[in-house]
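For reference, chains read A, B, C, D and E in written order, and residue numbers begin at 1 within each chain.
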Amino acid sequence: MHSILNSILNYVHGDGLTILPQMELLLFALGILIFDFLLAENEKHWNAILALMGVAAAGIGLFMQGQRFAADIGYASEHPDQGAFPGLLGFHETIVVDGLFLVFAAIFLAATALVILLSIRYLDLEAEQQGEYYALLLFACIGMMFMASGIDLIVQFLGLETMALSFYVLTGFLRREKRSNEAALKYLLLGGFSSAILAYGFSLLYGASGGFTGIREIAYSLDRRMTTTDAHGVTDWLVILAFVTIAAGLFFKIAAVPFHQWAPDVYEGAPTPITAYISVASKTASFALLLRLMTVVFGGSQPTWVFLMAGVAIASLTWGNLAALTQNNLKRLLAYSSISHVGYVLLGLVAGNLTGLIGIVYYLLAYVFMTLGAFATIIILRQRGIIGDEISDLDGLYQRSPYAAVLLLVFMLSLAGIPPTAGFMGKYFIFQALIETHHPVLAIFAALYIVPALYYYFRIVVHAWVKRPGDAAVPLISDAQLVALTVAAFVTLAAGLYPEPFTRLAHYAIGP
Amino acid sequence: MPFLSNHLLSVVLFTPLVGAALLCFVPRALSEYQRLIGNLFGVLGFLVSIPLVRHFSSGSGDFAFKESADWIPSIGAHYALGIDGISLLLVMLTTLLGMLAIFSSWSSIQLRTKEYYILLLLLQTGMLGVFMSLDFFLFYVFWEVMLVPMYFLIGVWGSERRLYAAIKFFLYTLAGSVIMLLAILALYFNATKLTGVQTFDIPSLLASAQFFPDALKGWLFWGFFFAFAIKVPMFPFHTWLPDAHTEAPTAGSVILAGVLLKMGTYGFLRFSLPILPHDLYMRGKIIHIVVVLSLISIIYGAVVCLMQKDMKRLIAYSSVSHMGFCTLGIFALTPHGLSGSVLQQINHGISTGALFLIVGMLYERRHTRLISEFGGLATPMPNFAAIYLIITLSSLGMPLLNGFIGEFTILQGAFEVNHAWAAWATLGIVLGAAYLLWLYQRVVFGNVTHEVNKTLPDLNAREYAVLVPLVIIAFWIGIYPKPFFAVIGKPVERIIQQVNPEFYHNVSPIGEGHSASPVVGAAARVDAAKASVTVVEGR
Amino acid sequence: MLDSVIFYFFAAIAIASAALMVTRRNAIHSAVFLITTLLATAGIFLQLRAEFLFAVQIILYVGGIMVLFIFVIMLVRLDAPLEKVHFSYQRWVAGLVAFALALEVGATFVLLRRLPGQGSLVLRAAAADKLPPNSEALAESLFSNYLLPFEIASVLLLVAMVGAVIMAKKRT
Amino acid sequence: MMPAGHYLFLSLALFLIGAIGVVTRRNVIIVLMCIELILNSVNINLVAFSRLYGDVAGQAFALFIVADAAAEAAVGLGIIIAFFRNRETVYADEMDILRW
Amino acid sequence: MTPNGFFLEHLWLIPLFPLMSAALMLFFRRLLPKSAVSFLCVGSVLLSFLFACGAVTQLLSAPAYSRVYQQILFEWITPGIFHAAVGMTEFVADWGYLLDPLSCVMVLVVTGVGLLIHIYSIGYMHHEEDYARYFGYLNLFMFAMLTLVLANNLLLLFVGWEGVGLCSYLLIGFYFQRKSACDAGKKAFLVNRIGDAGFLLGIFLIATTLGTVRFTSTGLPDPVTYSGILQTLAAVIDQHRLAYGAPVFTAIALLLFAGATGKSAQLPLYVWLPDAMEGPTPVSALIHAATMVTAGVYMVARMNAIYQVAPLSMDIVAVVGALTAIFAASMAMVQTDIKKVLAYSTISQLGYMFLALGVGAFAAGIFHLMTHAFFKALLFLGAGAVIHALSGEQDLRKMGGLWNTIPRVSRPFMIATFAIAGFPPLAGFFSKDEILSHAFNRSQMMDRFLFLWIIGWITAGLTAFYMFRLFFLAFRGRSRIPTQIEDHIHQPPQSMTFPLLVLMLLSIAGGWFALPVLWGERNYFAEFLDPVLGGIEPDTGTVELGRHPLLKEYLLMAASVAIASLGLWLAYRLFLKNPKLHTKVAEAWPRLYRVLTHKYYVDEIYEALFVNRLKDLSVSLGFLDAKLIDGVAVDGTAALTRFFSRVSMWWDKWIVDGLVNLLAKVSNGFSVPVRMLQTGMFSTYAAMILLGLVILLGYYGHHMQIWVRNLR
């Protein structure tokens, strides 16, 4: 008995530590799947509580990882002769625990927790209170964590697919809803298509690198290929094709123009908490992946793709903002707006310097909380008999629920990038990075796009604040929703009013 | 309390915010209490700012009441406050107009009073922050923050086309400020590159800016320019203003015209001037463009006023004209121009604020702002007519009232640099008299043309309380502006030293570089000659 | 030589039946052609000395997945009303885009004057007899280097299972 | 051993055919099959490279791709069934509630 | 030895008395009974008058060239240092008062005539409801006018200058219910503003040239810190840094003169004065005849040092004055409104004054200013009494035969008429004769300026003609008064006749201060003013009459008396002897008559000029509707500006704002098509993904060449 415990402990201190949070999540997910059978119809809330506990446990695991990481980094800094410290590597260097993972995993966990809080009442209203929902949420989170921590193409791909498959199912979770079905099907087909393209790219990369799947080896070998004159150019087209297909696959996941078209439809059709989750976590995880691939694998060829990235960014900004201007469905509107946010984050990649990368992390951090908050407000609008995703459903929200309206204002300001909110700080870093890397024109473009963005965000605000309420009832807000809203608003404001800790966090994620 | 006296600016800055926070907890039904607390904090906001005047010494021209605390050390942003003479005046103007604006809303705002007062107080904190910040980051935050309450003030409590006006105001201003943000970032980046120190500290950034290449400074100037030009507003960026002023509730218009517009000129003074290129040709071109735009604003605003049917719109356009004087003065780059400009900013706040209050009073009585709806008000409302007259005169630059001092000094400053500038601007004064008097005549003189107007009540005590302080200040500045000039003088001198140091070295353009003293000596000789004549006569 | 014959044979079958799959009206026909393609691919795997994958391809793909497909096709009774227009109306646009893609890939090759088959990609591949026994090597790799992906794959399949069950189960 | 480029070419051809099928077919089941086809083309790549470099990683990767294809197919077909139950159709151009 | 004394030290009280009273009137007018109002207002002006007399007396006790008293109350406008042409210096405008011979004359005239008119107003306005407001404005005017004449610098003078303009505006529009009154007030203010703009620019130019706006540093402790225009000017010329006649001096002089043409109603800015007769008659007397309109003359005289070093500007002043004199006089001949006649007469007499200034006879100009103040005030007050008696009737054609009905008015009126017509030994004779003689001297120096004298001479005849026409029409001949009014004719009250009497005495004796030198008398007036008006060279005074031969002097006098008599005779023939005759004369020269009655169509020309311009523009642009043109034609003077205003509005709405709105529209317009791409069709989306791939590859297809080339 003792030896079993010992071996477990050994495992946890060795390789196991690197996937500790994922394991915990998995455990709880399986627990939910089993436990669900034991629960009566009216006791299903326990699933949610179990899921939250899972997130909490994963959080503790993450904390342990963080402790260990800090200790190791301290050790490495005392012994500089042993080379740069890449993070805690595990499983034959297919996975790494480093700042990037820790921060992103924390973001995923926070997002998951908030989404769980937001889901409880929503599922009650939809009469779909089932354990599988929460299990799938946790599975998705596991997938995202692997996306962030994987440094092997296979791990990354499988993580991505785990997340994606969970999302396909979650999107279609309201099986009676036509919109939900349709969204799920579209998401599945397009997502499958894009994953296949991504896989194609991975396979080419594997070939181009000379048979490696670890991204660091790939990077090393690509660099060598590019610098040795002998084998020059031979694999160039392979690399290019690989880059293009990988980029296409990832652009799809982050919903960048022109691979974005699934987003509005899926956002509209999916259950709103899932919409929030997709728009927030899926996007962040894909950015984590993008960040790793672009900085590590394709870091050397940055000058060649920077204009491409800039083009995609500007296209995303333009398209997202334009389409959002006249949109009347809140979820679609936020979908378009999220497309434009992708543009901003990609600009950070265009800059590509330290500030830019910090900007990306900060922006995503801010984006998670402000977007979750905005969706939370929409979720509140979902009441018995009201779908609540049209802009007119907000009418007179201020009279009906002032607290929600005030928070909505905060989220909208943050989304638009008005200080002192998190959104502004995110944009601040992006702009700063663009200026530093001498992209003033891009910066001006990006900055001016705040103006139309503000216009449509304030359309929402106007409906909530200025328009008279119709006969709409006062929305019931559950305690869980209230907590979620408050947390989102708190972070959104805190990261704007006192950005220092968050800046440090972003710095931590990027590393020295 | 030493803490308070060491953090005087913070106290002034956050008093309205505290009021706003307090108001949040007042139940919505108790609108009387909301009103009371709102007004209380309006007055309090003004009272706590009075010690600033008492303890301010105009001697050094440096920033006083400095406070600084780390805010975002990783990017070098601080919570840094401080004021010099220029900002002192603007801060006082803000607290005063803020108080009066809140007070003026006593009876006119019946809807959502709580939110109204909260927003007004928030707005005041935002505006004060802009004038007090010594940190670019902080400055920008306040600059933007203040848009939100203003948006709601216009959008919720405005008149018919309020939403259009509100969003137009917001978007217009935002477009300028995001460009400014980029300019700030570029300034910050280049300064960091130059000095190796990451800081948003305004004085040190501007000091490093002196060493930038001229081309960069030119770009930075234009980056800042749009934000300020839109805020001022300068032709052709002015079209948000008539809409916003017209649709806003009275207090909103007062604050918009009285304080918000000053942010633009303040920005020009504080930020745009120090980053002017040193190269005389480049600088000359920039100044030429800005001055010509100012002149167009002066004349254009005045001409457009003549055609207005709506009182508030007329006054709004008159703001364009008056603010044109301010920018003209600033870009004359002489002590006279700058001092006059600062003073004129205060004057414009007083006069135009009062004009908007007056229109608001009429609106409260008649619920229309069309000039044609009035006429002959001198008969039912003689006291109103008298105060209105004083304010009109102050606005059109009648000597002994505030407007004259500012305009004269600006024109004098402009004249020193270029006679034609002053000549064109003088045309604006002539037109100013035309539209303001015409407005006054159509509203106040003549027979009472509408039956309803015959029974309009004259000013009540509250309205007197709002207007009389402004009238008193108008006379004060008009008759004894010396203290104001004293407060402005040093900072202006500092700015000129920094921007236009040649000013203090130049020899006179006529003659072979005589200094001033021989002339005076000669004058003394003339006197002596006259005296001798006297002596001869005496015999 | 035999190698090439085998390759071209299977490759021809794969491409032809893939093309047929895309163009057949009847879904069942398409499914059958897909099976053919997959089988041809399996042949290529064999030619490439990937015996284990060959087996997996036949058992899992053809035996498992495709049965699932046919099962679903039956379930949704699509054999009855044949597609009237089996290409959707944007086929021209879509076709054009696809054609452009093909053209671009081709252009990429031409531009570099390195058609596939030339250049250093024809490194001498390791001799077949020197290869370790395929299944063993793969197993070793799976349970050492790719242990974690293996675990994740199990999660993935779990997700798929749960998802398929939820989606397909009758409404309560 | 064939030149590796031929395998790439084959895989590319299958990829393109699959892509064309995805884009042009109305029947979502066939679309799903086309996606499977693309994944299959990926596998050809992987195995060819694996053979080229004498390294089994590619085959392992291919194995996972197969697993993924299976998972996707399962979920996909589940969703298609759910969709069909609600809408009585599997034609892509009839799923157009969500637009604009 | 500087003059001092109680009254001098309390010089600042002189303007303050009326100001305090005005403040009381304007703020507490509801609370005060009429008697209190009269007491306070007249009392305050009386106090000012007494203090002024006291101050003048104390000043006179000093020797001639020390008769300067200057006091600085506080520094008023102190915006800092600046570059003047003389070097860098600090700009300071004091709040300070200056009493020297010139301001002595002015302050006495202002307070004296002002006092009389205040007294007169008690009677004239007693039935007025807004009695207190009237007196408040009137006292405010006194304050402004006294500030103007006592100011020790140009800027403070400008304060008074604008102040009197404001009061004029308020008093013209006193009957604010009448639209014509308000319009006239506005017109006056605006036309003045145009002049003021020039004046202001003149001030700037002085300041930037000489570095100071203070008139003189005499009487101040330290000429270095308290520099004055006079001294600096002398120094600048002395050191040859600016030459005599330098363009900058001409520019200053002309800019200042532009201000004077506005305030003193000279060509081309005279148009407001006739309209200003809409105000109450005492106002016309005080402001639009005796004091305010002479401010321009005073200012030019005050700045005589500048004018003397800018000869060209002197000539322009003279020419403008002369032309204005004859121009206005010709218009006065046909006016039928009693006040309009006097208004044109005022313009004409002001022209005389400028003629005097222009030919260098500053003292003569000021002298005429003073005498004119007496007799013109008398004429206006008399006219006011007539109007008062006739219950508001102003049309000369409905008067007549009042000689015996209101003798307390008609007698002084006759004296004043003789005085203005220039018959000896009344005041007008001496002043006018001195001007003409100086004008003639000018032609001696430069032949081509003979026309100045000729114009002046003819104008003298015209003056006599229209004044006697007025007199005959109003007081003599047959009464043409409607009977219902005739029944109510009454003698004016004591308060109104007393001022008439005093003014009558002054009109008679006012000229005896400056008896012509040839009569063996000293020209006390000119001597008294010489320290101020002597220019910067103390030895070249303007008193040079003694050099001219006696005969010429006598001939000149005779000539002017002769032409005045001719005027008298003509008026008698046409309007008294044979009342029908003047209509025949008018019919004989119908065009001339029509031109004159329409005031040379100046108003119409201004109007038509703008309106036609407007029409052309509007037709060619095709923007403006007929309504606008009609609307604008009503108020022609503002037409052009209004047109521009419209265009600007249009510009604002469609171009400036339009661009912004267009941007919004375009982006909104693009929004829908962009959203339409979101067809909801799966295949579109998939195709889009492929398209994306194509684009990405295409990007690299372009980019690869570079990449490859670099690698090789």
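As a convention for this text, a residue touches a chain if its C-beta (ideal position, glycine included) is under 8 Å from a C-beta of that chain, and two chains touch if they have at least 3 such contacts.
This structure is a prediction, so every number in the text was calculated from the model and none was measured.
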Task: Both-way neighbours, i.e. chains that touch chain E and touch chain D - done: A, C
Open item on the list: With a step meaning a move to a chain it touches, how many steps does the shortest path from chain B to chain D take?
Closed with: 2
Task: Most widely separated chain from chain E, with each centre as the mean of CA atoms - done: C
Task: Chain whose mean Cα position lies farthest from chain B - done: C
Task: Chain occupying the most central position, where position means C-alpha average - done: B
Open item on the list: Please tell me whether A-E or C-D has the greater number of C-beta pairs in contact.
Closed with: C-D
TODO: Please work out the Cα centroid separation of chain B and chain C, and write it as a whole number of Å.
DONE: 72
Task: Cα-centroid distance, chain A relative to chain D, in whole angstrom - done: 25
Open item on the list: On a C-alpha centroid basis, what's the spacing between chain A and chain B, in Å?
Closed with: 46
- [ ] Could you grab the centroid distance between chain A and chain C? Build each centroid from C-alpha atoms only and quote it in angstrom.
- [x] 31
TODO: Find every residue in chain C that makes contact with two or more other chains and list them.
DONE: 88, 90-91, 94, 97-98, 101, 105, 108, 112, 119, 121, 145-146, 149, 153, 156, 159-160, 163, 166-167, 171
Open item on the list: Where in chain E do residues touch at least two different other chains?
Closed with: 675, 678, 680-684, 686-687, 690-691, 693, 697, 700, 704, 708
- [ ] By the touch definition up top, name every chain pair that qualifies.
- [x] A-B, A-C, A-D, A-E, B-E, C-D, C-E, D-E
Open item on the list: With touch defined as at the start, can you tell me which chain E residues reach chain C in the complex?
Closed with: 681, 683-684, 686-687, 690-691, 693-694, 697-698, 700-701, 704-705, 708
Open item on the list: Help me check something: in the complex, which residues belonging to chain E touch chain D?
Closed with: 675-676, 678-683, 686-687, 690
Task: chain A residues touching chain C - in the complex, by the definition given at the top - done: 19, 26, 33, 90-92, 94-95, 130, 132, 135-136, 139, 142-143, 146, 152, 154-155, 158-159, 161-162, 165-166, 168-169, 172-173, 175-176, 184, 231, 233-237, 240-241
Task: Complex contact set, residues of chain B against chain E - done: 168, 172, 235-236, 238-239, 242, 300, 303-307, 334-336, 339-340, 343, 376, 378-379, 386, 393, 398-400, 404-405, 408-409, 411-413, 415-416, 419, 422-423, 426-427, 429-431, 433-434, 437-438, 441, 444-447, 479-482, 485-486, 489, 492-493, 503-504, 506-511, 514-527, 529-530, 533-534, 537-538
Open item on the list: Which stretch or stretches of chain A touch chain D in the complex?
Closed with: 153-154, 157-158, 161, 165, 168-169, 172, 175-176, 178-179, 181-186, 188-189, 192-193, 195-197, 199-200, 202-204, 206-207, 210-213, 238, 264-266, 268-269, 332
